[in-house]
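Multiple structures follow.
Two complexes are shown next, each including chain A; its partner changes from chain B in the first to chain C in the second.
== the complex of A and B ==
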């Protein structure tokens, strides 16, 4: 393998890792806070991509990337809250909440996918690249779009991390994630915080969808593969800290990228699941894991 | 005599066919420490749960706080009105630092607006309960049991409550720690907090309580002066059973 090839595969892995980090962190926020797995996260990724396409692309409203990203963020945050109120809230505090929300979030995902099909039709769409051209570092030319994606994902994750660690709302969300009953006794508005956590998660999924939509074709089910990768990342890395899925995502992205290069595209999922199985066998709480749910 | 700060009237909590709290009624005067005793499963913690609506509300009955009904409010509203509670187990936010545990509570109140003031209030609450200043930044989950209990009580005290419900604060503590807990409860009461104290350590309960209420199978079987209550044959029978 030449140095150029190595750097090319490495940069591809980092881009994948960054996108998986954004998807998985959103998924982990809901799992940590509400204690449920959101199977509609993939549909949120697709919905975010469609909203971004609708607002930014010349074939639709043509308002550009700033408007597209802003609209995706706001609409997906609101959509996440609405989704939580309809599909999750009625089952809170029920004994079978985990099983019930597997069904309701899968149902929600199906409804969202069919709604997207009705609104945007079956023809695949793509968001135009966020940045054009290439940037050469030594012998390797990096795509401007890839670098823009990495920088923007880092900014979004940095903001989400700051929100959770340094603000009143974030501290309250972390408290609720760790101990709902104590949080209620301290006067925290738990239903509101659950809704905000779901909104934050959906907004992160939407942003991930926007970025993936700039490198892949968008269709109503295109969130399925990212959801599977986000699931691998969350289980593989654990959710001990907000940063755990981020590190795990980079590992998953790099392993996927090098597996595709050396073994071929179809070996990548097998390799990732094998890696996840080995880690779970040795460390059931995940690579950076920890038994307590936290943010 | 001053008006009662807390009135519990015919409070009942049922779990299917089981009645855990069965028509309990009592009043608590401002500044009083009401001790609550009873055998395991007699409904003491369930009574606290039903008053605070955490984690569940009562099946029937009314709770008045400072003359206003609170039994129909959301649980976080009850806390904000001035009823704070601690749990039997050291229920802290394990991954947050000790100071952040208390700060979370301060941030739910209108006691301060600037962040520096909020931190100062959190430090004040930790100091009040005797939590070591050198451990403010330690993760609460890594503290020993007694210090975790102090963090939990500091969080409750930070709400500036009129009524504090303490659920077995002495459980799992050593003799010297129980002495410190006794002094803390007395100190909080001297600061003006009305306290409802559920406890199995009878010596502690007898020393600090102004009145003692005993529950058995969800019902109040005795209420009054602690010395009289513990001598009550019905109470002795509830704890020890009927002589053969």
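== the complex of A and C ==
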């Protein structure tokens, strides 16, 4: 294998990893705070892509990328809160919250998916590339869009990390994630924080959708694959810290990239799921996990 | 060992037989092949959902690979029957064990994990299965699947002929067989181990339930049936498509399971028919159909977490409440004279905090030299049970007795508030106060014995004495309840909400005496009794302050007599004899020779004599302990 192809595969893996990191961090925020797994995360990713397309693309409103990303952020944040109020809130105090929310979020995904089908139709759409051209580093040429994606994802994750680590609201969210009862006794508004965490997660999913929409075709079921990848990443890395899914995402992206290159396209998902099953069986809290739940 | 009557003696028999017969004659009434097609699909999905219920509902294993296993069953049929040319019937039969084998690979991660992680690992497992199917396109046809799978036929008769009648009956037999087998499994030792592991893993293990064997059996059995269903489905639609692995079919089967109700077997079977027909009738709505079904799932989860089966149970409870309270209202007016003839004492209705209560009270009179006596009847009985005592004591004592709420001709109460020993004692207090009765003897039978102990232990000085008959005093509920009673099947009947005809007779005969002219009136009261009164009374045993009663029996200064029939089928006599009684008359329980659970009823002479002697002794000297 030549150095060029190795670097090519490597860079592809890093781009995938960056996107997976964004998807998985959103999923991890909900899991660690609310203690549930959101199977609508994939539908959120698709919805974000559609909203971005609607606002930014020339065929629709044509307001450009800045407006597109901002609209996705705001609308998805609101949609996330609305979704949480309808599909999660009624079960918050129930014993069977885990199973119940698996079912309601699956149902929510079905509703969102079909609503998107009704609104935007089955025809595939694509968001125009965020940056044109290529940048050559050494012997390899990187596409400008890939570089832009990596930079934007890093910025968003950095911002989300700052939000959770440094702001009062973010710290309250982490407190709720660590111990709901104690946080309530300290006077934190837990229902509000739950809603905010869900909104944040949905906004991150929407952004991820926007970026994936610029490299792949958007259709109503386009969230299914990202959901599975985010699931693998979150399990693989655990949710011990905000950064665990990010590292895990990079590993998963690279493994996927190299598996496709060496073993073929069809083997990559099976490989990843097998990896996840092994990690789950040996260390259920994930590669970077420990027992306490936090953000 | 929990008591479950054999199926043919339960309330489920008639509805099941009616449904089976209706499904069996259906093709003779309707010959529309499309309708038969829908029913065939519904029967297949009934097997898929009911077998999932074994692992998901009964086992509490959040196993989300079940629908993928259904797909594996379809592919197993396809590969066996088409690629290897195996006889289609044999291929369906083999799909079961093949899928069970595939499912058993999940046991290791499932054993290691809990809750959410089981969901994730089983979803991952189903994705791996999907990816294997997709990637092995030379065997499975890859993304385009397998088509023109062999169909079922016998001697050249193709089952799709005559409006799919062959397929209809094959599906019918498979469904009845699978659901029946699943039902039997849930009631077998394996089924009980499965439920025990779900409810309390460590306790179950401590009692010798092997976790890995049980989990493996759960997964394999549940997969076996879904494999058979998959094999049959493959032979029917004649296509094996990777779409079945998708989230769409998962949501469909999940909605059948949840709308039906988890842990019920029957619920998902009923829901399969409803959901499949509903979903087909909305086929013209396009995406709206999926949206509406998803909304239905969420609504059921929010408003009826127990599913359709929960609704059925609620309706049944409502019907029982209405029937029993109408019966009480009718008898209150129409049979007043009959009751007065039996008891010889006038009846009145008294309003209490727990509804209107039917009370008999002969009222104070000059010749009533002894203290008043309050009689408290037992579970599923009525105040007329004490007719022999009324006749014997009415000349010398003022006698009071009443029907408990939900019993006799009293009103039904609210289950949460009224049907427990504490509320029963409250009612007794209220009635004594309203009638102005002071320092009575309290005689309690069975459940009434608990009520009597609860009532008197609150303020022993306010009572002349207490007698229990057919009662095992408790220290710790429910442990002592199990210890103090004879672990025979009929003790379960005392807490069973719905009794079948046969169970009614069993309970009434064991509680009093076999049916005769004299006991017929008591037997009728079992059917009148609000089933919730039995059920809630037992489940709320733990709210009573039992140690206080025990303290009273051990060291209180109130005269106590324990009079049990020596042939009582409910009581554990050794447990009662070993209790640390203090101020008990004679220093030990008084056995009534030949007495059953209601010795005052079947041996009235002996019982009345003993009761009279106790009253005399207690009136003479409250501290029986010192005089004994």
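Here is the rule we go by: the second predicted complex is superposed on the first by the 295 of 295 C-alpha atoms of A that agree within 3 Å, B and C clash if a C-alpha of one lies under 4 Å from a C-alpha of the other, contacts with A are read in each partner's own complex, and residues count from 1 in each chain.
Keep in mind that, in the parts below, a contact is a pair of C-beta atoms (placed from the backbone, for glycine too) under 8 Å apart; a residue touches a chain by one contact, two chains touch by 3 or more.
Please read these numbers as outputs of a predicted model, since none were measured by experiment.
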Query raised in the report: Once chain A from each complex is brought into register, does chain C clash with chain B or fit beside it?
Result: fit
**Report entry** Partner touching more residues of chain A, whether chain B or chain C
**Finding:** C
Query raised in the report: Which of the two partners, first being chain B and second being chain C, lies in contact with A:118: first, second, both, or neither?
Result: second
Requested in this report: Return first, second, both or neither, reflecting whether A:172 touches chain B, chain C, both chains, or no partner chain.
Outcome: first
Requested in this report: Scan A:91 for contacts with chain B and chain C and give back first, second, both or neither.
Outcome: second
Query raised in the report: Of the two partner chains, chain B (first) and chain C (second), which one does A:247 touch, if any: first, second, both, or neither?
Result: neither
Query raised in the report: Put simply, what angle do chain B and chain C open at chain A, by C-alpha centres, to the nearest 10°?
Result: 60
Report summary line: After superposing the two complexes, the shortest C-alpha distance between chain B and chain C, in Å, is 5
Query raised in the report: Can you pull the chain A residues that chain B and chain C both touch?
Result: none
Report task. Show which residues of chain C lie in contact with chain A when the two form their complex. Result -> 62, 64, 108-109, 112-113, 115-117, 119-121, 123-125, 127-128, 131-132, 134-135, 247-248, 250-251, 254-255, 258, 287-288, 290-291, 293-295, 297-298, 301-302, 305
Query raised in the report: Considering the complex alone, what residue numbers of chain A touch chain C?
Result: 36-37, 86-87, 90-91, 94, 96, 98-100, 102-104, 106-111, 113-115, 117-118, 224, 228, 231-232, 235, 264, 266-267, 269-270, 273-274, 276-277, 280-281, 284
Query - In the complex with chain B, residue positions of chain A that touch it - result: 93, 168, 171-172, 174-175, 178-190, 292, 294
Requested in this report: Enumerate the contact residues on chain B facing chain A in the complex.
Outcome: 52, 54-55, 74-76, 79-80, 84-87, 91-96, 100-101, 103-105, 107-109, 141, 152, 155-156, 159
